[in-house]
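Next come two complexes built around chain A: one with chain B, the other with chain C.
The block that comes next holds the complex of A and B.
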């Protein structure tokens, strides 16, 4: 071993460079190779291919709607985790948590507002995204299955939004969920049982709040994250975004 | 590149009537475009994606600084609000339920979800992919638009035109 090269002093001098190089894999080579390695050397970017078709960049084609849906989801997850530090899923405490957020927690109102408005926006934008996919015929072969995954994502978005709606435990929440879950009772044969399963009782109460809470912060977000992963991976496997035939 | 390397890469064949005149360094004619209109994901797509995130974040933050999320009185199981409305995205269904609970609340949503799931397997015609409102699929476009319009109209009626006891109520009267 060459002591000069591996001296402690030298290591300390090269610390920034070495740390940087250990985190970021440098591709080296030509400019394009370097750019390629930015994408495939990064966990968060490697779902992308190294090159994409020009049509993919056309804002007028996708209108960015799928990506906007995804970004709203990211904002919801981050603001939701922060809200969890203040929210207590009990019928005696939940409403007080809302008041705390509004009056006691620094920027608590903004946090709650962001979570609420992003949730409403997400329902709308996922729907718009579905319309875009329909009107550009992007559900056709070979993308049929990704459309099906998308429909599941739409339903998940609705359920996430619906389960979150109860959590503030105010009149708006209580009666909206009462009305909403009443619809379930019209399912033939098992309607009442289904509603009982959702609410953990015959009325919206502590059990219902807890069930909606667990679904809202654990079960549905995990399913959502997994399905979004499948959705993005399928885009790649289906040959990138749909586009008209090249002339 | 060294001249000797060029010689090696492209050796002059004695039986050839042509020879390589020279290699020019520089941008290809289609600057920044590969074959088949492909471009590098980084920076072209990645930069646009990050920009869009900034826009979305700023808009949501801006809206949240101006408008407060609603918070009514604490929940009271003994005092129902009148009317009690579902969240806006289910109000269209609630409007249908007010006509017929079973047809509106179960059959209609079931048919909608099932048709959406089956759509790509029922419409096997490959025409029109990648084109907005392609004229080759008028029937599908009309049907889907009808669905979208009916949903929006139902939501608007339920949200804005329904008052106490779910009676029609004109907001401007």
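The block that comes next holds the complex of A and C.
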């Protein structure tokens, strides 16, 4: 509305349109421009290019493995946040709260299994994605840096799996982390200090559970989110999805 | 006169007493700022490491009582639950051996029906002689013995913080 003066009735009548326009902020231009602005005018869609190469749309070149990994991450974040409402990271309560989720909480068993299987699947699909990138030589210039970001994301995925493994606080968890953190002691010179820092002590106990919990629910996911953003942004900056050249 | 500074820009030199100085003012301030930043970041990392390292541990004590001598008859091998230690009493004395595998920290199982093998690890298949010596598998070193003594009340005490390198048995 450019007109400075309009009646109260008019302004009420125009309210829905004005709200819609203020949110969507579009209009004018050719049909092509209109369609393009749908994409780049939206925070969530603007990661995607307005125009894509025909080969980008062919599923056979990428198999969608990267996006599958990303969607699994989304499932993990949502189910993980819901699990946090019932899980208590204390050595007296952790195992029982896990059992509660299995047997007492409505949909708890579904959420826990979604989280567990999505975590396993994410490790697999990140690995498959890496294989695809390798076999299509998509790590080559100008995409070397994004390959390195991807390797960091793979390591983060593995470390998230490792830290999540301790949380049920059952025998499997306890001995897996005992063995895993003992592997760390084989790091030259600082191995023992590194294990002490990881566990917050010399044995897998309350401090270790709390440290792994904080890493699992806060530190690593935040780093992950940041790196995923960089990873996606670099795909755009490095020339879009890897694809065969025009024939 | 003009010369290039570190960032490749051409600056007019600041002249004092007729001679050009080696460093212009901007270069000096830049170096100062980078040095201060590096020191700050380094200090922050060190202090963060200090913060993350606990000064007090609420873990089980390394020195603990295991019981009276009568609880360990000659020829017995008794595992102290939750401590990762086995008390072995033979004719010539008594000793405490660690049950924590030297490979990756699993608890080894005492083997009782084999004169050659004393302990077997369920995780990665390491085997140890009754004395703790590695027989095979992934373990890099022998199972250590811990210092053991009898306190003034006649109770046997194991000090798991001190390794008995000479593998001397407590004669009782």
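FYI, the second predicted complex is superposed on the first by the 239 of 247 C-alpha atoms of A that agree within 3 Å, B and C clash if a C-alpha of one lies under 4 Å from a C-alpha of the other, contacts with A are read in each partner's own complex, and residues count from 1 in each chain.
One rule holds for everything that comes next: contacts are C-beta pairs under 8 Å (C-beta built on N, C-alpha and C of every residue); 3 or more make two chains touch, one makes a residue touch a chain.
Bear in mind that the values here come from a model prediction, so they are computed numbers and not experimental data.
Undergrad: Could you look at A:197 and tell me whether it touches chain B, chain C, both or neither (first, second, both, neither)?
TA: second
Undergrad: Check whether A:206 is in contact with chain B, with chain C, with both or with neither, and answer first, second, both or neither.
TA: second
Undergrad: Where does A:179 make contact in the superposed view: on chain B (first), on chain C (second), on both, or on neither?
TA: Both partners, chain B and chain C.
Undergrad: Which partner, chain B or chain C, is in contact with more residues of chain A?
TA: Looking at chain A, the partner in contact with more of its residues is B.
Undergrad: Examine A:165 and indicate which partner it touches, taking first as chain B and second as chain C; both and neither are also allowed.
TA: first
Undergrad: Between chain B and chain C, which residues of chain A are contacted by each of them?
TA: Of chain A, residues 175, 178-179, 183, 203, 205 contact chain B in one complex and chain C in the other.
Undergrad: Mind pulling up the chain A residues that touch chain C in the complex?
TA: Chain A residues touching chain C: 175, 178-179, 181-183, 196-197, 200-203, 205-207.
Undergrad: What residues on chain B touch chain A, complex-wise?
TA: Touching chain A: residues 33-34, 36-46, 48-49, 52-53, 56-57, 60-61, 63-65, 67-77, 79-81, 84-90, 93-94, 97, 101-102, 105-106, 113, 116-117, 119-121, 123-134, 137, 140-141, 144, 148 of chain B.
Undergrad: Help me check something: in the complex, which residues belonging to chain C touch chain A?
TA: Touching chain A from chain C are residues 49, 52-54, 57-59, 103-106, 123.
Undergrad: Applying the document's contact rule, which stretches of chain A touch chain B when the two form their complex?
TA: Touching chain B from chain A are residues 32, 35-36, 38-39, 45, 48-57, 59, 61, 64, 67-68, 71-72, 74-75, 91, 95, 98, 102, 109-110, 112-118, 120-121, 123, 131, 134-141, 143-144, 147-148, 151, 154-155, 158, 161-162, 165, 168-176, 178-180, 183, 186-188, 203-205, 242-246.
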